[in-house]
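Heads up, the next two complexes both have chain A, just with different partners, chain B and then chain C.
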Partner chain A sequence: MSGAPSLAQRAPSRNLVQFALRLREAGVVAFLVLLGLTFGLMNERFLTIQNLTIVASSAAILAIAACAQAVVLITRNLDVSVGSMMGLVAYLTADWAANHPAITPLEVALIALAIGAALGGVNGLLVAYGKAPALVATLGTMSLYRGFTYIYAHGQEVTSSRVPRWMLTSVDARIAGVPALVIVAIVVVAAVAWFLYAFPLGRRIYAVGSNPLAAWFFGLRAERVTLFAYMLCGVLSGVAGLLYAARVGTVTVVLASGWELSSLAAAVIGGVSVSGGSGTVVGAALGAVVLATIDNGLVLLHVAEFWRMFIQGAAIVAAVAVDALIAEAIRRAAGGRTGR
Partner chain B sequence: MASQAKRQWPYWEIALVVAIFGAGAWSSTLSPYYLSIDQLFGSTRAFIIPGLLALGLAIVVSLGEIDISLASIVAVGTVALAKFSAAGAPLALAAPVVVLIGALCGTLNGLLVAKWRLPSLAVTLGAMGAYRGLAFIVGSEVGYTDFGDSYSWLGSEYLLGGVVPASLVLFAIAAIAVWFLMHRTVYGRRCFSIGLNRDAAWFAGVDVVSQKVIAYALAGAFAGLAAIVWIGQYGSARGDNADGSILFVVTAVVLGGVDINGGRGTISGVVLALFLLGTIRNGMGLANIGGPTQTVVLGGLLVAGVLRPVAVSAAARLTHPAKLKAAGAQGDDIGGQ
Partner chain C sequence: MTEPRPPMREPIMTLKGVSKSFGPVRALEDVSFELYPGSIHGLVGENGAGKSTLVRIITGLEQADQGEVLLSGQRVRFRTPIEARAHGVAAVYQDPKLFAHLSIAENIAMGAYPANALGMVDRRGMIESARSHLVRLGSDLDPRRTVAGLSVAEHQFVEIARALSFDVRVLILDEPTSALTPTEAEHLFDVMRALKQRGKAIIFITHRLEEIEALCDEVTVLRDRRRVATLPRAQFDRAKLVRLMVGRPLETLFSRRERLDFGMEMLRVEHLSLEGVFADVSFSVRAGEIVGLGGLVGAGRTEIAQALFGVTPPTAGDVYLKGDKVAPNSPRQMLSKGLAYLPEDRDSDGLIMPETVTHNITLPILATLSRWSVINRLRERAVAVEAAEAYNVLTPSVEAIVASLSGGNRQKVAFAKWLATDPAVLLLDEPTHGVDIGSKAQVHAMIAQLADRGLAVVLISSDLPELLAVSDRILVVAEGVLVAEFTRGEATQETVMSAAAQQSGRKRR
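Showing the complex of A and B:
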């Protein structure tokens, strides 16, 4: 008898959680629409196809980086070395391509992914098996990776004339009017979203982040899952770094510095919880679009650049506050059954 | 767990002292000027500003929280000082107000974290951008350099026959004050108890919210103090002041043996870590080792610092294999924050 009511109680709460999470992403979309309409009313150039294409392409790379950050955030960890991984992958790959002009696109992509996986793997080993706090471990590797980039570069940069021509033209290409960069970003984010949603390993990433103790009792090897999440983060950072390199052409050692924070900001605005277990990579990608929209709109409105920082910062705080409100509402509706 | 940790700390601090002397000995082989009193005291100025931030951050981290917006609060402080200086206000008025502004910024962080229970990393990430933006909005992009002598006194004056920097004396006073607060007062004990087990502390009647708000306010006030030192050292106030220095600050706190998850750590460890980092930087500067290599060394030290507990438990496992197994399963949390 005692089992039945608890089951009955649990079923609606699970629906409610799903509903609230869907609401969270719908909230980001609603905010985005509101933002777009506001900017559109204030400046007629904002809602043109041409300008929206610019917004989409500037959001594309950040969306992939935010996706990378989100995968790790979901495991209740954090990776502040995303920007440094992007920079190191971009430099090594561009340098390699510059010294081997006959290289094929597939080889370039494989090199970038392999380096990304290795760098992410180091982070994963430190956090999962070294039991190092994620913030501290990745803060260390952030300096290490950036420092290696400087040392390897010897004060040089890879100029756009040295990298293979196809690398530069392919990112500027348009397929049916849509920039290739945007298509790549959509494909990557969709693939990761599908993986996290439909594959056992993807579900385990959520399980480990939402309740590590329960995951342990269930028999999940949290270390392996965490290591995998970091490697995936590294691979995605590698993709983002390579695209960034191709987009700017000239690869310098400071490429993508500060992106660890932008990626974190995008993920948090998109509803990925820093306490793990909730949020989706689609949300993180939407968060990147929100940031790009704010950037673009403020430039069109001739608002000074530093207001952008202020608004971005305030947006992050507002986003976490909304998340906390939702979590509180879920907790109350579920009669204190969920949450901590 | 606690007693095991207690036995580790002195070892860590001794290791830091040994490392400082090692780094000093290495530095003295690089340059004949290293071992001059002027050089030794003068070089400490390089880490006074991150040092003040680290003292404040150590209080916050002892609670199991974090504040990465401190460097941005320094910028808010410096542009506020610029406004005061431009208005011709005396430092006696400007300095307390700037410290208060810092404390207010910190209090806002603290309220968001403690009262509304938002995750501190995300909140202070947002605050970092917001305060930095605020500093730019108030100060505009153009730097202000027209400071009077009284404003730059604290950061540029040398005391005791022109040898000891005034800012070092300030740092020493601040360090002793924070040490006393954290290790000799009820407030400090409660901070560590909250960091160890928030719920247990709450059940024991500790006012968790006000403890945390006070910690954030103190950290902000130290950032305001650092802003005054900044003006003396660099003579310029701009929105991008101290940008990026928070990494060095976090490195110092972690290397000093403060558990990033809260509950453990000593202020003496933080101060020693600052001296170690300062000595290494100074030595590498004398040896003409470039910034990138310095970055790699700092990153390597940080990684080595976080792997310390693993190394200790691995060593213990070799000697007592059975005892640690039970404890190891419990301490299996992978929580980052």
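Showing the complex of A and C:
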């Protein structure tokens, strides 16, 4: 009755927090529409079916890589070896296929997934059980995997003439006018999104990232969950690497260098929190579309290459700033009980 | 022949001689009591009496060094809270631990999701079950809401709903009401009574003795890490509990200072408030005076001190230092105005452990020891040596690493560090926490010496005998409000404790 604030009123920003969390993906979509309209107004070639198909195709593989990165980010970790995993999987798979011309598509896919799972598993063991900081551990494997690719390749590349013909044609195929690559990406992202949303293990990935201390109190085996997230990241990187190899045809040892950064950028722009526990793989995929749109639009507008890097960086910084603001609002609303 | 006594009720849980040490510090000594199904067992004691340690041992967060816990006559030793839960033992802690990004329903179900034939989470079932558990607690929270943004009370209800979603036999509630409004607390009490009717055993920890009186069938009092009494309802009342909780003689080690001639007013605080934490706090401290701030842990004393020091700037009210109005904004600003604060957790907040004594002492005054931004090493060392001698820091040299010193000596370094800034007002937050008895007396002497030199001192201490011995005047804070003021003559352990355990009425509208 004194009029003094009660603890029930201690969370003034609660509605704002809920709102912000829900609207993250919607915000990315809104930004995308705005970006599209801007480019469309500045260049009439941008909003053509032909050009949008190009954007979608170039976003497809990055969407899968961003999805891989997002799974690990949600557990409050990080994987900077995504690009190296893509490169190693692409090289080993293409090389194997080149030496076994009778290989079936299913076998190729299985090899790629298995290698990806193994590489991701190494990362997961280091981080979850070795208790190595995620950045340092995966920075190490980033060099390790890329270095192994060099050693294995002896400076050779797998040329497009050596890999089975179907590998190259299948990614360029179109189903009802939509590139097969785009359909594969949508299916993969949807499957991972569904898994994270609907299955207990998927929910635990969010729980572990949201509050590791609470996860321990709740009896969740955080190490196992983290290991699994890294393996899933490896598998998805494998898929992305294989698609990349099929798309470019000739697999070099530097394939997908720098993709660790692009995947991270896409995930963060898509609203996946670097402090764990929130964001969706659909958001990460949308982030990939944003990056592809920026790239495409700037090319059409004849903006110099170095500006593209600058603008991509600015988008990342802006996304991280928004993320930090939301995380701070959550921390305040929870009265510091989220166990940072 | 004596008539055989009627068969006793079988205890569901028995504690036998449970002891626990953390390194050289005894946390719990030889605690035994029995817990019966269909009863509410109160657990009371001053701060640091060992209540939390006991809860942690029962739920498997800590392991007892000695003694055993029997559950339905079987010896159990839980290694994790999950094992405890599997045996029907669950606790709701003071500070709920939940997943902020997930929905209430997911938090309640986490670890035991209802799943359909495909292994998918049955969301509808999960939400309905969460809703029914919440409704039973008299809460109309929407289980689909995200936990981020819930109030403390709402967090608490989600935790309790979670505990009840398992088949609990023993439920431990660690100060569940400290953040609840009267209506919410009444709901909780109804739930506790209903659980009792259903044959559950509840351990109820609270500082509000009237709640113990109203609810408990039995109460166990802990003091100085030991059990001093277990009494059935008929044998206790508030006054008796207070006596049992504080009943220890004033330690003669504490030297009572006799001084009444204080100087000018150094610090005056008027209607200071921090929204949701404390409200309308007014007091003043004069030069040479030691004002004690008494109260329970979590009453808001540390928050008041930190607001004055500018760590969390107050949302309303005025602060005057030496007669000048200041608006606390940052520690840097308040230090320059002559107010210093010694944090409770000196190891993490007050000292840089891997650095030397010298570097710690001179850190706040490096600017004055430097010329053209280059530190004068000779002067730095001289200041450090002088300070270390002045405060009796027992160290092989001022180049010793702070982490290698004992608790008492670290505290002295922390003192020396802030006093090097030459403050007029010193806020001390639990300065003897974790300090051994011998060093305690030295710290007390040092506080008295500082006051004699003309500093205005505000002392926060949960150690009642210490507070009574050192302070010239005692203010008691309860639930964020100054509820009582005692002169040296009026203050006794009983009067201070009763004032501290009362409700301020602020949070309980």
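General remarks:
Throughout what follows, the second predicted complex is superposed on the first by the 306 of 340 C-alpha atoms of A that agree within 3 Å, B and C clash if a C-alpha of one lies under 4 Å from a C-alpha of the other, contacts with A are read in each partner's own complex, and residues count from 1 in each chain.
Going forward, contacts are C-beta pairs under 8 Å (C-beta built on N, C-alpha and C of every residue); 3 or more make two chains touch, one makes a residue touch a chain.
Note that the structure is predicted; figures quoted are calculated from it, not measured.
Shared-chain residue A:134: touches chain B; no touch with chain C.
Of the two partner chains placed around the shared chain by superposition, chain B is the only one that A:151 touches, whereas chain C remains out of contact.
Once chain A of one complex is fitted onto chain A of the other, the partner contacts of A:317 are limited to chain B, with no touch recorded for chain C.
In the superposed pair of complexes, A:222 makes contact with chain B only, with no contact to chain C. Judged by the touch definition given at the top, the superposed model places A:191 against neither chain B nor chain C.
Judged by the touch definition given at the top, the superposed model places A:173 against neither chain B nor chain C. Shared-chain residue A:303: touches no atom of chain B or chain C.
Ranking chain B and chain C by residues of chain A touched puts B first.
In the superposition on chain A, contact of A:34 is made with neither chain B nor chain C.
In the superposition on chain A, chain A positions 213 are in contact with chain B in one complex as well as with chain C in the other.
Touching chain C in their complex are the following residues of chain A: 1-2, 4-11, 13-15, 17-18, 21, 198-200, 203-204, 206-207, 209-211, 213-215, 217-220, 277-278, 330, 333-335, 337-339. Against chain B, in their complex, chain A makes its touches with residues 75-78, 126-128, 130-137, 139-151, 208, 212-213, 216, 222-223, 226, 261, 264-265, 268, 273-276, 304-317, 319-321, 324. Here chain B touches chain A in the complex through residues 66, 112, 116-119, 121-123, 125-137, 141, 239, 247, 250-251, 254, 260-261, 290-296, 298-303, 305-307, 309-310, 331-337, going by the rule given at the top. Considering their complex, residues 80-82, 85, 95-102, 106, 110-111, 113, 115, 119-121, 123, 145-155, 179, 181, 273, 275-276, 279-280, 480, 505-507, 509 of chain C touch chain A.
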